[in-house]
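What follows is a set of structures for review.
Shared between the two complexes below is chain A, which pairs with chain B and chain C, respectively.
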Partner chain A sequence: MVTPPPKNTPGGMATFNILHGFPEALVRGMRNSFLQDSDYHHMTQCETLEDVKLNMSESDYAEALADDTSLSPSGLQKAAIDKLVTEFKYLRTQTVEPLSTFLDFITYEYMIENVMLLLKGTLSGRDINELIAQCHPLGMFKESTMRSIPTFENSAKGYSDLYQTVLVDTPVGQYFAMFLEESADRVGGEVRNVLEEVEIEIIKSSLIKFWIEDFYGFVQKLGGDTADIMGEILSVRADTNAINITLNSFGTPLNEPAMRASDRKGLYPAVGHLYPAGTAMLVDVSDEDELGRVLELFPQYSNIWNIHSAGGGEKSIDDAFYERDVQMLELAFESQMHYAVFYAYVKLKEQEIRNLVWITECILQAQKDEINKFVPVFSHHAPWRMTKRR
Partner chain B sequence: TGSSLGGPKTFNFKHQTATMSSETCTSEYCNAGWSEVLTHMSPYGYANFGVAFGLGLSVVGAAWGIWLTGSSLVGAAVKAPRIRSKNLISVIFCEATAIYGVIMAIILTNKVDSPESSVYYLDDDWDYAEYYYAGYGMFSAGLSVGLTNIASGVSVGIAGSSCAIADAQDSSLFVKILIVEIFASALGIFGIIVGIIQSNSCTFPVS
Partner chain C sequence: MSEVPPTRMNQQIFKGKKKAAESGHRLLKKKADALKVKFRDYAKAIAETKSSMAGDAASAFFSMTQAEYAAGNFKQKVAEGSLTARVRVGAGVDNVAGVKLPVFTKYETGAATDNTSLGLAGGGKKIGAVREKFSVLLDMLLRLASLQTSFVTLDEAMKVTNRRVNALENVTIPKIEDVLSYISRELDELEREDFTRLKLVQGKKEAEVAKQTKEKENQKKHNDSDITAAFDADDDADVVF
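This part shows the complex of A and B:
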């Protein structure tokens, strides 16, 4: 779409290793560093955070945590994310086209998050330095660019100015341009005022939508195993977004009949299993029962929906989505000579960091019965592995 | 038509041209078609091309294999250094395919003797059957070895790449995947066995 097509393909079995063998083998070596079932088991048995730190000193996180004198969940999260970013930057410097563009695509998602964080933060009047400290390190761009984002006003003209002067040089500028084009087509100024409080969310969902579509187009042009595996991962991601947008819109102005067709419809990505028939049905959905009925038609999502409608006690719908994502991303590691392992590595590492934060928070707040509600990565006790052993 | 060093003495091509299509040139300065071109190429040329293909294609296969397995080995060893020494076996298997090519090339080259003096016309009792047999036989032996070694080298390379990566994950997998590589390198052995059998009875006649 907006990104130029790749100049060469990843290559099949016999030619992939020529350009990309070294980075792929690096990622597969890094796969060793995921925490095992035994590590998780030991950590959940810990009483204090000091014990957790002792347990982690035998894992791959030993160096990352060596500097912190005392451990806190946010300190742990920051150290773990910094470690992931160092590894990612090392990978990025070892790659050539088209793998380097692929890795850049992974970072665009975090750039979009950072831009929205800065915009939202200025609306609530927070300090710019505090906001920059909170930005995700994988999505950083130039300091001067980031500092000038909050100086723009929250109106239609403000956003165009923001694009013209600041964002046009960044990689996510193209998505912002497409968003501005799309919103210029929308009718009327009265409509815009109603949307003020949901405007930021709409911008973020639109940017993510354009990013997914662009990434999907790029991956399809790469062809081969990469197109198959990455295409599937991105389709499922797009569907997850569509379902979440619909679910989160209940009870907000976005759910009104007038808004649905014009605004909510524009937020559904144009890729995925739910597109085009499913998303057309989702446009008319006004409450959870109708959403359930639409999802009954798609077997892969009806299971997840049933978990949600059975009540949020055992598992929330986010947990169900995370489990399904971990299963798919682990499968990306099952075959060689494609790019999806890079994406899978970043996402699975993020899941592991979420798990660590969950465990340390539970220990800190002494809520031991909640502590096992995380989704381990590459676990031998995962539900999809257990069913085969019977 | 006189006989030069490469050509047989008693062929008469003019009869052949009469049975071919009417578009074929009938002047005595034209070739009679591919049969004349191919049979007029010297068997010494064929034999030496056999040596070149045998050696060259084997080395292409070996290099391709080392390329494939070496990059994965180096990358996986960054995070799992214990795999370094064990996985050099994959590289050695690839190297073996190049050695098969060298063996074949040495055997074939030893069968081609340089002439003692310059000879323009072949003897009257020159053993043309043996001559052509030697030329074609050595060409084919070289091709057998070369082409099988390309396939074997690439196959060992891909299997070796997966072996290094799997070993980095779980060391118990190494020996099992090595068996796959052993079968892959057996393909090269087939080539050199057939090549040696083919070139065994090939000897150039001497005057």
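This part shows the complex of A and C:
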């Protein structure tokens, strides 16, 4: 009797290293490139940006900053993002299926943002080159596709043409299709009306929703540890989006009772712990108290909500979300043989870039008391690590 | 001084001119004082606004940093969207003691607030805070611009008015006074001349009369033999019945 060959669950432990061992090793090596507590500490003590640059010359960012003669927060951000993109592209070339699809999924998020930027910019008549220069580098798609976007006419037929030929080719085209279907029912109009009437942020939120659901489905198909860990991360992401959308819609037209059921509901993803019961309740929420009451039912979010309602001065709800995200992403690095480390790496690098920009801006604007309000990555002093040690 | 003939009519004319100049001087002085008071007020207001603006500007830009930390780079999204001004500045004119000062007022055009859902997926509160802080900063900026243009215009007007006041005080009125005193001096002198002439003529007349009486006296003495000479037709009063 021949033992059957092992089932090829990509997320499974047995066969992982054959195909994906090298990329995973790369990512774990890159984990060392994150700035340490001591680096952050030195940087917050700096008085000028020149000192910051001096401090960074010992870290991984040395070559990235070698070209800039004088450092500015935006220059630093650009250099850091370029470095991340280079590393990511290198990783991508080393991967095979299905890890390569996974990495592509990560880039779709940025692609969505770029597509929206290009479309909206074209609607307002901006120059295509300026728009391309402002796209997020992780989400670039073919240059030819991008350049052809503004060549379409600014009319109803033009837009449907645009969609048929251009957007369909891009990986995010399917999300667009789903969005247009959904909104066609509501708005009852054509492609052009939808793009003009609905605000860019709402379109983007809908597209992100579809992306999260798609990603979630893909991850579940992979099975194994990937499905568990990545599924958890995506659920939390979906819930964060739902809560943020609800919270930030107060005071905007999105909060009108009529709009809530039709528009806001459509922005809540169909994955996550809050789905379906929580999101159904969120649809009816009209102010912060009601939101608080809904979140009381979900213990993992009631903590975060309490931080928000306790005081706006010290910490905001965004800070609390960032902290919780960083904690989860760091945990992803603790286990092996799954794809979530790649997602975690990209997101944690993003957080680090955010921290760097925050610190340099604070130094530049002489706001030293606020300078410590960032969330360090892989810090030994993170609150959740400290409690564990006790 | 030599060109004005010293007549009484001219004296009246120049008295009138002096009165006009003095009342004009008084009015201008009042205007200069009013302008000075307003000037000091404006200077104080500008100093206050500027010092509070420094703090406001710093906090506004810092809240921008916080919003970018929470919500990512939303600058491009705003810039790429449609830009219609929601707030416009209107230029009006304010009248202070006769001086027209430019004043800026804020108009809401009532255009729809675009980008209300900017921070929908994160950081919406921070973006709202940025919006408020920069609106406050905009208000202060408008006020400061208004104050400063008024200040500069006021400064010019004050200089002009002061120049006129000084001119009246130190040039015109003394000149008129000089002319007046010249005229009165000349008139006095003419009077004195007349007086002296009259006196001389009177003196001469008296001398003549004295001479005549003396001659008469002499003649009287010579005519003692002539009895009838002693009796004059006029000696007796006429007998009137």
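Keep in mind that, in the parts below, the second predicted complex is superposed on the first by the 344 of 390 C-alpha atoms of A that agree within 3 Å, B and C clash if a C-alpha of one lies under 4 Å from a C-alpha of the other, contacts with A are read in each partner's own complex, and residues count from 1 in each chain.
One rule holds for everything that comes next: a contact is a pair of C-beta atoms (placed from the backbone, for glycine too) under 8 Å apart; a residue touches a chain by one contact, two chains touch by 3 or more.
Owing to the predicted nature of the structure, the values given are computational and were not obtained by experimental measurement.
On the superposed chain A, the positions of chain B and chain C stay apart, so the two partners fit side by side. Applying the stated contact rule after C-alpha superposition, one finds that A:361 touches chain C and leaves chain B untouched.
Once the two complexes are overlaid on the shared chain, A:174 sits clear of chain B and of chain C alike. Between the Cα centres of chain B and chain C, as seen from that of chain A, there is an angle of 160°, stated in steps of 10. Contact with chain B, but none with chain C, is seen for A:32 once the two complexes are overlaid on the shared chain.
Within the superposed three-chain model, A:279 lies out of touch with both chain B and chain C [touch as defined at top].
More residues of chain A lie in contact with C than with the other chain of the pair chain B and chain C. Look at A:55: by the touch rule set out above, it reaches neither chain B nor chain C.
Of the two partner chains, chain B is the only one that A:17 touches; chain C does not reach it. By the touch criterion defined above, A:205 lies against chain C but remains apart from chain B after alignment on the C-alpha atoms of chain A. By the touch criterion defined above, A:121 lies against chain C but remains apart from chain B after alignment on the C-alpha atoms of chain A. Superposing the two structures on chain A brings chain B to within 29 Å of chain C, judged by their nearest Cα atoms. Remark: chain A residues 117, 120-121, 123-124, 126, 131, 134, 199-202, 204-205, 208, 240-241, 244-245, 247-249, 251-254, 267, 312, 316-319, 321, 354, 357-358, 361-362, 365-367, 370, 374 touch chain C in the complex.
Residue ranges of chain C in contact with chain A, taken from their complex: 58, 61-62, 65-66, 68-71, 76-77, 80-83, 114-126, 128.
The touching residues of chain A, when paired with chain B in their complex, are 13-14, 17-18, 21-26, 28-33, 336.
The part of chain B that touches chain A in the complex is made up of residues 64, 67-69, 71-80, 154, 157-158, 161-162, 164-165, 168-169.
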